[in-house]
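Step one of this worksheet: look at the structure below.
To keep things simple, chains are lettered A, B, C, D and E as they appear, and every chain counts its residues starting from 1.
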Amino acid sequence: MGHHRHHPPHLGRLHRPPLPEGKFRSMTTVVQVPLRYRVPFKKIALYVLAVAFGLYLVLPFYWIVAMSFMHEADAIAVPPSWVPVHPTLENYLGFVNPDAAQELVGGRAVSETPYSLRNSLVVATATALLNLVLATFAAYSFSRLKFRGSQVLLLLYLLTRMVPGIAIIIPFYLLMRSFGLLDTYLALILSYTTFALPITIWILKDFFRSVPRELEEAARVDRCGWFRTMWSVFLPVAAPGLVAAAVFAFMTAWNEFMFALFLTSTTAAKTIPVVAANFATDFNTQFTVMAAAGVLAVVPPLVLALLFQRKLVQGMAAGSVKG
Amino acid sequence: ACSNGSGGGAGDGSVKFEGWDYEATLVQQNLDNFTKTSNVKVNYTPITSAQYVQKVVAEFTGGGGPDALYVYDDSLAAWVEGEYLQPIDGLPGVDDVYAAIFPGNAEAMTYQGKRYGLPYYTDSNCLIYNADILAKAGFSKPPASLEELEAQAVKIKSMGLLEYPIGLPAQLSDTWWAWVWGLVYSSGGDMFDDQQAPIMNTTDTVTKDVLTWLQNAANKSKVLDPASLQLLPVPVDNAMKANRYAFTIGARYALRDYNDPQKSKAAGKMKMALVPSLDGKVHGTISNTRMYGLAKDTEVKDDAFKLLTYLGGFDASKQPYTAKFWFQQRGLGFAYKELAKDPEIVAALKKFADPAIYAQLAEIARPRNVLGVAWYTEFETEMHKVVQGVLSNQTQPSAAVASLAQTAGTLKKKYS
Amino acid sequence: MAEVRLENVTKSFGGKTVVDDLNLTIRDQEFLTLVGPSGCGKSTTLRMICGLERATSGNVFFDGKPVSWLPANKRDVAMVFQSYALYPHKTVRQNIGFALKMMRVPKATIDEQVLEAARTLDIEDLLDRKPRELSGGQRQRVALGRAIVRDAGAYLLDEPLSNLDAQLRVLMRAEIKRLHVDVARTFIYVTHDQVEAMTMSDRIAVLRDGVIQQCATPEEIYERPANRFVASFMGSPPMNFVTGALADVDGVRMFRSTALSQPIAVSDGQPADVVLGVRPEDVALSPTPVEGYRQGRVFVSEPLGPDVLVTVRIEDELLKARVPTPFRLGHDAPVYVGLNPERLHLFSAADGTALQAPRDAA
Amino acid sequence: MSVLTERRPLGDNAKAWALNAPAIVVISLLVAYPIGYSFYVSMQRNNLKRPRAKRFIGLDNYKALLSDDAFLSALKVSALFVLVVLGMTVVLALLLALVLNERFRGRGLLLSLALLPWAMPGVVNGLMWRTIFDAKTGALNGLLTQLGLIDSYQAWLTSGTGAFLFTALAQVWNTLPFSVIILLAGLSTIPSELYDAATVDRAGAFRRFTQVTIPWLLHPLLIVLILETMNAFRAFDTIYVLTGGGPGDATTTIALLDVQTVLTFTDFGLGSAYAWVITAITLLISVGYIGLLYRKGNFEV
Amino acid sequence: MAEVRLENVTKSFGGKTVVDDLNLTIRDQEFLTLVGPSGCGKSTTLRMICGLERATSGNVFFDGKPVSWLPANKRDVAMVFQSYALYPHKTVRQNIGFALKMMRVPKATIDEQVLEAARTLDIEDLLDRKPRELSGGQRQRVALGRAIVRDAGAYLLDEPLSNLDAQLRVLMRAEIKRLHVDVARTFIYVTHDQVEAMTMSDRIAVLRDGVIQQCATPEEIYERPANRFVASFMGSPPMNFVTGALADVDGVRMFRSTALSQPIAVSDGQPADVVLGVRPEDVALSPTPVEGYRQGRVFVSEPLGPDVLVTVRIEDELLKARVPTPFRLGHDAPVYVGLNPERLHLFSAADGTALQAPRDAA
């Protein structure tokens, strides 16, 4: 018999802790009432919370939506009317029909809105993708490889993100100018990528860590090279993390204002935040049109969110490894 | 568009022109008109007004600035110091323009003896009141003195017409608080002497008295709305249009909106008056000037100046074409004295204001005399906070002026 | 301290019924083993008893009280998960001690008990490792340790020894049995190891496609399987089955098939088409002719250590015989085959139910 | 056996650096210069309004900060702001993520709603809060009045505390989505069998939360803490629009001061120094978080 | 198609050596089984062969070529992971077909092969499920399926049948054997099941604490264990060991202990302190005295189905005997014990090495 097993000839019985009588000792004491039709407190609490959060999240936005269908005067009426009393589409008209925009404050902004939406979509999507690619490589190294300097590198990444944008905007502008990239998508994509990259790396490295190593190994044994392993096995399993990271990068690019303002000047690259800012001037603010623009600005990410939300909450590696 | 060299400009021979985004569509129309007549191509970029200064600064710093641009009188000194702009003295027509405009505007466009701009528009502060509410309270005339203003407000308040008859935009923001200056100037005081030394704490007591009045109005008689602390100009406008204030101090052009039945429930009731003074006499008011400037490094100086002239100067028929255009389109104040007599202008003006008072305000208005100092912006910002303290009764007027003087001193030292 | 009763319990996953109208009472302090082919619903049954899965219909009772709505953490059961479900962020020590910590057992007591359990499981020197750094068998032992330190009303063990070597398995089996005696609680055990099932259980329940086939003592199951499925399932190598018919030959009741013709004592009124079952160990082989033996030929012989499993071919039928080592006949060598007449099983060819079994348990 | 050549693949070290190379290249290409430049500027007297006075002054800008009342007061406001916003964000985000991690009807909708504040451009967002908190026409006033909770319209932002709390509230609304998404994705990685095991081990909902959920969430939480701290320290948009830093100095955070210094006063030197102080503080705090949480949460499945 | 050779392979995890200077050659087309106690380094060895783990020192050769630096995907090996490692996002079908897809096998062929494998594994109707919807045994079969569809140079199987029921296991065993014959490749197999090891392997390598104890044919291992560890490890129930000494009594070489005194044929020059080993099946029991048998008393008897395992107490020593069912003596009944003199093992008491073993394999 194995030398490393030294079982006493007669193993003493396990000492049981002196448990408080009646509390846990047996189920007879626990089950006192036939708990047949228990009130589903958990479900109730869940729905209460869901509704509360839903309201908290949606009410402010609802106000924007409501305003976007109101005439200016109704929007600032006292007491406020929660639904548009004289509903109108005129705030949206300008976006589809440039002529209708002429008369509005920020009429030019109105005509620029469709372009800026397109620009924002392009820039944000490209940023998200570029980010995912770059961050996937880096994050993989942090989650799977032991290497010297990893901690320092992680901190350095963070550091680049910690310098407030305001401090680097001017030199950044100079840089982009010398690259000849001003007023191009690339300028924005590159700058947002650098903003989002450090955080994306941090996000991904965590999610990668929770992908069981065995999966990757199985893929290797199944003759996948590293890239193939990543693409076919690793990344799909890490999908929630990828989606979270992509959403992060997308949103970073979607609502960034300052850099977009400085780096763009025409409809070639202006993004929606820059254009939306044009609805509020020192002289006047076209609340309702701005609200309409805001609503328009929120729609694309929201649609994307609806498309991807399933991925975000899918369990990661259920049932794949034992132990 | 701005990738070449350090000279700035569009690089394709067109004039790169930047401005804040007020009515960018109209601007473009006007520019198209210019191009049609002059054959000079203009590459116009409107920039969000809130970040206009910043972006222009970035562009000039980065070497990609425009050829011609809008300039705030507040920014002029810095931009000249920063070597963004070049003087236009001696260029054709400049002298004529300067001779034809109100002296306050000319002063605002001049820095250290050199002229840097042609006027875009100007405006000055006035008392705006709701004649209907005043009438209900039994007043047929607007107040001439602050005392009177307070008394009328108290009456309105006590009659239950309004809880707070006076509203002012007193939230912190990067725009200047014209009404503080307006009140000081209307009472004949000043905060600085001509050498930009602070006098509000020493020889000139007007500032302190104005602050005292504000404090009383806000806290004793409670006629000045405490919510002012969270009001920017736009909400004040909204409140005025909704008959929720009887008085405010604001720019003249605001009346155009106030009296526009499309936008305002108070249309037709809003009137303008001189800013009330401590003693009830007429002393002055504050004005601002927005101008068109010429970039120092422009490579298309001639065309750029042609554009400047089109926008801010006289046209072939010796008419300030664009200035008139703006007034007619949007009611923007003009710097040209003669325009006040233009029948078309008068007719348009009559729709929302009393032409006589309008003209009188322009005549007596003057710019802030500290616009030229490097630390003006810091001072203005600090002043807002101090006035907020006074309004919320946390700072006494005497302490306030002392603090203002000290701030000015510190800043001066810092910048020396 | 608990009688566990399943009453008409049915469980479906999206339309597919995996446990079907199950009725089963596990008596207080009983050691019941669940066996059945892979995927027959054993784990699912355990999970329903435990409260991790709610029955689609039917009820679970503990000591006569319905607990269907009682969450698992209030049911006072300990469980070894088939997939271990170790906490990857906790050390072995914390994994094992977790339940005790949840019961607010004093720290010192926890430490002591964890150490003792670890000693029992021979993982004492792994206590400060994380599961990630353990071998498969070591992980399984940790999973087992998590259950055995507990003082629960019922212990559910889902294949707790499958990844252990034979030696260790024997030891662990003994430990589990001892624990059962010590704590005198109900044990429900799932295993694929027949030796385990046979030696440890008070009763064995044989499941097939979510339906209980038989629930009885190990001897009963082995000696008197209720149907052909149970007979074939229990016993390894499995029972030989020969399809044939009953016939009266010279007043002697005979079982006849192509290859065999075997007198058999059986009551009357049985269907004619039957299946004869005989376990390999009840098949005797002789190199020389013996009275009543049939001749066949050696097809293949596999050494099993102490025994040899010989497959003999008679006509077109294959019969397996388990005979003691040594067995030295090679392929195709003639061999004589005899069936132990006292240990023959007979099943209906139609539905497989047992028609007769050895009268007398071994 | 196809290829059986003895070729040494890269070691972990080399592989890791190779994998990081693209990110490092992009980042250093684009931000190394700006960051270095800004640090250099922070050691300059550099006010655009006085280009001729520009010169290198070493750490003088930083030294000046120590006696700069505006800075010290802003630092205090910022610290408090970070504390309040971070606390509320983390608690609410965790709660919301937990809710979203459950299965219930309308989950997808709620999840999309949770992303909503993020998708709104800052200006629209600012305008939204302004119209909501407006003293004269605000929706909040309207709502509370209609509910009978207040008698008359209030000017919420005119007292220091009020302004502070309401801006914090708006800020939380804005930064919630990021935290929720990260935490939710983190939650989804927790194998459900661990909850099964913990339940069987008699852990109630709360203990399952502390013993299983939290340890698994430590790293996502770390990111949330770091980023939300960073965000709160730099919060600018909302505050600027709602109060401009007022009343008085009540909501003048260091970020606001910084932006004002750079963009309004065009004092790049001092502004950069502010920025680097912000950098140093957030870095320090982050290192603190990392020291606190990184190890504990660093396990592999 | 590959000879796998491990040369001085050592693997340490942070200072702890788990595989120690291993030298092992697995011949082309051989079926080699690795056995050993839990945690002895079997999986680690497989992982090094496969290329998932790099040896701390030493080298792995495929067909004489060093592959230590060759990544797993280039080694052309198939592997069943002990922990399955199924792709959670892929269906069973995709899981099984994945490797083929990677090899750019045409879609139709993949489908066909997957279906065939699934049929073999009896998981045909689960092909469109995701792993999380499978039972433990079903998952294991998918893991096995992933390996068997492949055409690899070597197949590494880490306890591929541990979670299957006996029936299925027998079938699967046969399938794996058949596959081995069909593809004629090298198989390296890890199992805890001795029957599996004995019946399937060409050779068995017994590992202990990362050191190979013996590598030989199943018969050899069983009949002539190289040392006491191997003797005790292989065989279930395990071999009996009796510590004693060699002595010459009346010119006959005798083994003597407190309880026993047994003539034994052994060469000269052996140390005096020895351990006698005898397997339970080589212990005969008789209810009546027999010449040369010692009297003892029944201590406990455990039914194992076909056999009964009887523990007999002689003086203070316990001996286990495996005798055919039925065995009807109760506790403390006197019983006579005889050892098969031809099947006695002798080990050095000092280091456990075998001094002699039965001359003749069964």
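By our rule, a contact is a pair of C-beta atoms (placed from the backbone, for glycine too) under 8 Å apart; a residue touches a chain by one contact, two chains touch by 3 or more.
According to UniProt, the chain labels map to these proteins: A = Carbohydrate ABC transporter permease; C, E = ABC transporter ATP-binding protein; D = Multiple sugar transport system permease protein.
What you see is a predicted model; the values in this text were computed from it and never measured.
Common neighbours of chain A and chain B, by the contact definition above: D. Relative to the centroid of all protein Cα atoms, the closest per-chain Cα centroid is that of A.
No other pair of chains shares as many C-beta contacts as A-D. Farthest chain from chain E, judged by C-alpha centroids: B.
If you average the Cα atoms of chain A and of chain C, the two centres end up 51 Å apart. Centre-to-centre separation between chain A and chain D, using Cα means, comes to 13 Å.
Put simply, the C-alpha centre of chain C and that of chain D have 58 angstrom between them. Touching of two or more other chains is recorded for residues 134, 136-137, 153, 191, 193, 202, 216, 263, 300-301 of chain D. Listed for chain C are residues 74, 76-77, 82-83, 86, 103, 136, 140, 167, each touching two or more other chains.
Shared interface positions of chain A, i.e. residues touching 2 or more other chains, are given as 1-2, 4, 24, 76, 78, 170, 212, 277, 280, 285, 315-318, 321-323. Those residues of chain E lying in contact with chain C across their complex are 13, 35-39, 42-44, 82-83, 133-138, 140-141, 158-159, 162-170, 192-195, 198-199, 218-219, 222, 232-238, 279-281, 302-307, 322, 324-326, 362. Looking at the complex, you find that chain B touches chain D at residues 51, 53-54, 57, 61, 77-78, 81-83, 163, 171-174, 225-227, 229-232, 235, 238-239, 242, 244, 374, 377-378, 381, 384-385, 388-389, 392, 394, 415. The residues of chain A lying in touch with chain D in their complex are 24, 42-43, 46-47, 49-50, 53-54, 56-58, 60-61, 63-64, 67, 75-80, 133-135, 137-138, 140-142, 145-148, 150, 153, 155, 157-168, 170-172, 175, 190-191, 193-194, 197-199, 201-203, 206-207, 209-213, 240-241, 243-244, 247-248, 251, 254-255, 257, 272-273, 276-277, 279-280, 285, 287, 290-291, 293-294, 297-298, 300-302, 305-306, 309-310, 312-318, 321. Those residues of chain C that touch chain D in the shared complex are 47, 50-52, 71-74, 76-79, 81, 83, 85-90, 98-99, 102-103, 130, 132, 146, 150.
The residues of chain D lying in touch with chain B in their complex are 47-52, 130, 133-137, 152-153, 155-159, 163, 240, 242-249, 260, 263-266.
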